[in-house]
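Chains: A, B, C, D, E and F, in written order; residue numbering restarts at 1 for each.
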Amino acid sequence: MGKLINNGIRLDGRRVDELRPYKLEVGVLKNADGSAYIELGKNKIIVAVYGPKEVHPKHIALPDRCVIRCRYHMSPFSTDVRKTPAPSRREIEISKVIREALEPTILVEEYPRTAIDIFLEVLQSDGGSRCAGITAAALALADAGISMCDLVVACAAGKVDGTMVLDLSDIEDKEGEADMPVAVMPNLGIITLLQLDGILTHEEFKQGIDLALEGCRRLHEAQRKALMDRYFKTAPNQEVE
Amino acid sequence: MAAAKKSFIMEHLRKAHMIELLAKGRRLDGRELLDYRPIEIKCNIIQKANGSAQVNLGNTQVIAGVKIEVGAPFPDTPDKGLLVVNAEILPLASPYAEPGPPDEEAIELSRVVDRGVRESGMIDLSKLVLIPGQKVRAVFVDVSVLNVDGNLIDATSYAVVSALMTTKMPVLEVSEGGGIVEKAEYIPLPFSTIPVSVTFARIGDSLIVDPDSEEESVMDARITLTTVEGGHLCAGQKGLAGGLTYEQIMFAAETAKIKGQEIREVIKKAVASVG
Amino acid sequence: MGKLINNGIRLDGRRVDELRPYKLEVGVLKNADGSAYIELGKNKIIVAVYGPKEVHPKHIALPDRCVIRCRYHMSPFSTDVRKTPAPSRREIEISKVIREALEPTILVEEYPRTAIDIFLEVLQSDGGSRCAGITAAALALADAGISMCDLVVACAAGKVDGTMVLDLSDIEDKEGEADMPVAVMPNLGIITLLQLDGILTHEEFKQGIDLALEGCRRLHEAQRKALMDRYFKTAPNQEVE
Amino acid sequence: MAAAKKSFIMEHLRKAHMIELLAKGRRLDGRELLDYRPIEIKCNIIQKANGSAQVNLGNTQVIAGVKIEVGAPFPDTPDKGLLVVNAEILPLASPYAEPGPPDEEAIELSRVVDRGVRESGMIDLSKLVLIPGQKVRAVFVDVSVLNVDGNLIDATSYAVVSALMTTKMPVLEVSEGGGIVEKAEYIPLPFSTIPVSVTFARIGDSLIVDPDSEEESVMDARITLTTVEGGHLCAGQKGLAGGLTYEQIMFAAETAKIKGQEIREVIKKAVASVG
Amino acid sequence: MAAAKKSFIMEHLRKAHMIELLAKGRRLDGRELLDYRPIEIKCNIIQKANGSAQVNLGNTQVIAGVKIEVGAPFPDTPDKGLLVVNAEILPLASPYAEPGPPDEEAIELSRVVDRGVRESGMIDLSKLVLIPGQKVRAVFVDVSVLNVDGNLIDATSYAVVSALMTTKMPVLEVSEGGGIVEKAEYIPLPFSTIPVSVTFARIGDSLIVDPDSEEESVMDARITLTTVEGGHLCAGQKGLAGGLTYEQIMFAAETAKIKGQEIREVIKKAVASVG
Amino acid sequence: MGKLINNGIRLDGRRVDELRPYKLEVGVLKNADGSAYIELGKNKIIVAVYGPKEVHPKHIALPDRCVIRCRYHMSPFSTDVRKTPAPSRREIEISKVIREALEPTILVEEYPRTAIDIFLEVLQSDGGSRCAGITAAALALADAGISMCDLVVACAAGKVDGTMVLDLSDIEDKEGEADMPVAVMPNLGIITLLQLDGILTHEEFKQGIDLALEGCRRLHEAQRKALMDRYFKTAPNQEVE
């Protein structure tokens, strides 16, 4: 028996292929052009999108497309030990991979000479905050009316006590053998984020991606529902679609 | 936060209109001059923090989180714990906020709220000493501003006070060797009075409380006065590039006492609801 | 008997409504467009004004008025314990409140698209350095020929050993119950700075402001004399006015 | 490093041309899609470092130097030494590199290479402890990029691994009082497996390894997969603003195993030659 | 400090005029080529500092203040106290000075003055040790430049030396437990020789001392040579984008000795006047 | 007998007027417009030149000449104790004096409104790294085809165990009495860098400069040979000149 999985049940009571409880909400901030909020396990992340808008300084504007900027930031109280407010190297790298996970779906040529800013604030962190952030950020982009060819949704798989599991919690991420965040454009099947930390056989690697994509599929349902709730719930008892 | 770029003609028109309206005792959103917008306070929303509170003041939204650590006291106050208030106006909060270290507006916000709490004597820092001169508790109150719609000082102040009031910290014991042992038991922070700030804007000759962003964009001067339980003043800060008359200041001081008591009840109720 | 006041006499020998010794001088620096120097108690502060001048970067210029910038800075040797040269959060806040105390008197519309820089250097600090700095800065602005509707003069009152007193020294500021810096446009009676740290009843608050304004009145006389000395002392024995 | 300023029309033409060529299985410099450029590795080139290696990957040139110091462990890993990988893209390396603190590209480079080494378990950090919780060896691997011509991740990774493999560190003894005494003897770092990264670029529908600068300027997506001895994967990182299909990823994983083993032999040979 | 924006035609004319004048042995302000402007030195002007001096060199005005603290020695000099010289060209000193961290000009200024003092052996740092390898006195000499009118190096150097000569520091005793006890008694810093810098500007073929701002704006090269009591050289620094002939350097070395001795007397007199 | 010189022989076996072994190479980097590499004793320094090129930001361009920028930087592994990558005050000062040692020879008026960047990276440091860097940087400028009125070559002299010696090593620099780096335009005889740290009589000062200039003369031969090797070695057995 492992210390993290017993009889197929994980410390928090989940099965190996189960997601943590989640909650998605669209349109949560007044000033932003688009916004969304996600809870996934203990993660609480809020995302705002501003743009397309004028670029400052002007020389970074591009004549044939928009510039995408992204900031992933953790509030000082979001972590077990207080985090200083200045961006860490980890936050800078994660900002980059999140931007690159979202950019493939944005029709950047529609907005020449402009910028789109995506700001993610982690109010409380748990394992998989970058994935949860991507899932919420795609909703915030949609809420801002940005042209996209698909949504993006993300979920991690990993190896814990020798078993491939879905959606690692904080302790599973720290004590487990491997963690692999994956983001995908769900309708096009294009993978836009893949990271791996830890040793996997090629078979486990394939299993992990399959598992992560299955998690993404379920979260994508939740994304669709959140957008419905926001845009098509015209009367309380009239569910659209 | 960079000042909003303004169309200067529109700005003058809007200001003229607002002054006219205020002279009749009315505001754009229908409030009376001395009305606050609705204040919503939700405590204990961040489980990883020792204490936390979200305050919505109209559309202004802020979250305060308290983290308690063990640190060294300042050399000149060996017998006092540490209290650090730090507010960040996050870039997601406004089209004019930008990523980067706090600018002078955010620094003033942090320091005004910090002084309101500190000078009120709300937290008895002398009770946070573990080993005098060596180890004390350090109380970090960090505030993330999520949406800017005016009067950040009051929203931040109420969030900080509410978060402190709901803070639980582990019992710590000093072992013989000078090590610190954390117990599984939790106790509240030693706090007494509840400081409440009340912020006024002067627009033309009118004094209003709790300005929203639109009112702030045309205000001439700002003054914040903080009172303690019972109504005495404990902190004040005039801001912006305009002045105030002697009478306006005296009126603000009286009003801060009255409105402060009302808001103090709102805070108490919110805190009690999670008690 | 208190430890800071005995029989109405303070540690430095002053009565409760007495200012510390002061000295004001105008036009002390060659390069600056305007300058002034103040000593108040142990405070020694020098102020320079540059402008109205071109603004860099240009996009911060305003089409209908000038931009006022202000820096309050303490030399490393000015304090009891050496201060690092980088600006502290305290210095940044004080720079802001000083700027906002001075700005109401400057006819900013007369200088569109320009900037006025006000630099205060505290060579030696004592209680009340922000007030002393404002009093000197108003003189430096006048020396630079900037159009103003009035001077500005500042002075603190506070509560020490239960008594309201004028112009707190370092030790009274640290050991006393409350400190309240006030700045005023002396002819117009408009208050342009007010801060309060410490508990006061409403009656004490009013007393404090009255006391501070009385201190301002006396320092304003000194301001006028300093300007006279600089500009109208054409012959030694011929006092102008 | 700022992105190269591009003539947009020329860029589109160049990309179209390259895609056409790649579809025929050819590259501008004559390589096959899965060919690396020549890899030259010279070890022990910096005598003041504990270990060092220069890697030339085509015209990409990097130097890694290892310095070993004594430091304090992180509070949450009191029984482990420290490993810090830091890469700087020097301003002399490219017309687009600029002096200043590392930008996001350099930070990603450092962190991807760091994770490749760390997650492989190459260095047994638990063997670098001197006094548990107090003093451990800190292994700093600094990389200076001297000339940029694509695929910095792999060049940096091979330089870091080669430098670690040739590192000699003084024997240290803990004296009774807790002091550290340095002996005149030198021992190698305790390392086991050799992690090897293989970086792919997707251009259009083609997947190539080891892109040079010209190929990088038109690539749609990038993926790096690192394997350990025996072929298991230990680290991965997708980059850039394009995506990859499931099949492309699986193909990359298989290829990373095969190419990784070839390059592992190159590294072993270079290290053995200074043995 | 940003270089002054210049009208290029005016600059060339001014320079031509100045070269002509200097060829006749005259300067714009009437000085001879090897004349200093009046040097005023006032010591002990900052009571909160351990030592201080203001130097006016013509219209160049600087203040140096000395603060003495207890700190840890550098690991490689466990038996020496610390000396740190830091100069800031304050934004109030010139229309071209800007707020912010010291630029290369201010850093060179600090380091040249620091080396002049340090290499002269003026301060015997080995006498500032309290507990070898652990606690030493740290002597901070901070300089605030208040008005820039040329030759900051010499003005700063004289202010630093004068401030050090008038410094009083508390007697410190090391208690048995290794604590430091401050006595009410004050003693001077242990100093011996007085280093004096002499700075030359080359304009065309002429070498002048103590250039003012106008002369600096057209000078081709600068050289500072510092001598100790008795005339030996102890430090030197050539600056600016022009060169010097062998003969010019030898002439400067001889002149530095002569002028240095004159200025040394001025410093001694100023220091003596405050007892 | 001194501890650093015995019977006229230094710790590393050199006579007092001998240079350390050196090696100079031109054209070592592909991307740079010009480059060079030097080894001198344990010093290993690589230099790149970029330019003349457009200046950013534009307002620092000069209408009648080019701007010369220079960065001397040490790799973290180049020193006995690891150096943090951020530039130290020492590196900033040395960058300035190196720039000012090279600038006199550059015909800056030929390149109005442009910039020339000189980047020196110390891969391994020993005594005299600024001099070695200048000697290599002059070659890199020549390799970049920058118009110059002469080369620049640099070498230090100093006082060790009471004797004037040429080209101080690390330990001689640290334990010796004085160090004096000198740079010269070898054909014009103009001295473009002179620093002195440590006490010298006027006679020793003159001796030191003479010694340093003699070292420069020899290194200049090596510079010429390195340029020949790069540019005129058309066939292996055909030495040009």
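FYI, contacts are C-beta pairs under 8 Å (C-beta built on N, C-alpha and C of every residue); 3 or more make two chains touch, one makes a residue touch a chain.
Everything numeric here is computed off the predicted structure, so don't read it as measured data.
**Student:** Go through the assembly and pull out the chains touching chain D as well as chain E.
**Tutor:** F
**Student:** From chain A, count the fewest steps through touching chains until chain D is reached.
**Tutor:** 1
**Student:** Of the pairs given as B-C, C-E or D-F, which one copies A-D, with over half of its contacts the same by residue number?
**Tutor:** B-C
**Student:** Based only on mean CA positions, could you tell me how far chain A sits from chain B in angstrom?
**Tutor:** 32
**Student:** I'd like to verify one number: the distance from the centre of chain A to the centre of chain F, where each centre is the average of its C-alpha atoms, in whole angstrom.
**Tutor:** 52
**Student:** Centroid of chain C to centroid of chain D, CA atoms only: how many Å?
**Tutor:** 58
**Student:** Connecting every touching chain pair, does the picture come out as line, ring, star, complete or other?
**Tutor:** Per interface graph, the chains form a ring.
**Student:** Considering touches as defined, can you lay out the ring of chains in sequence, from chain D by way of chain F?
**Tutor:** D, F, E, C, B, A
**Student:** Could you pull out which chain B residues touch chain C in their complex?
**Tutor:** Per the touch definition, chain B meets chain C at residues 8, 104, 107-108, 110-111, 115, 119-121, 221, 223, 225, 228, 231-246, 249-250, 253-254, 257.
**Student:** Which chain B residues qualify as touching chain A in the complex?
**Tutor:** 46-49, 52, 59, 61, 63, 65-67, 69, 86, 88, 90-95, 99, 101, 140, 142, 144, 146-149
**Student:** In their shared complex, at which residues does chain A touch chain B?
**Tutor:** It comes out as residues 29-32, 35, 42, 44, 46-48, 50, 53, 71, 73, 75-82, 85-87, 117, 119, 121, 123-125.
**Student:** Write out the stretch or stretches of chain A touching chain D in their complex.
**Tutor:** Contact set of chain A toward chain D: 63-64, 68, 89-90, 92-93, 95-97, 99-100, 103-104, 178, 180, 185, 188-202, 205-206, 209, 213.
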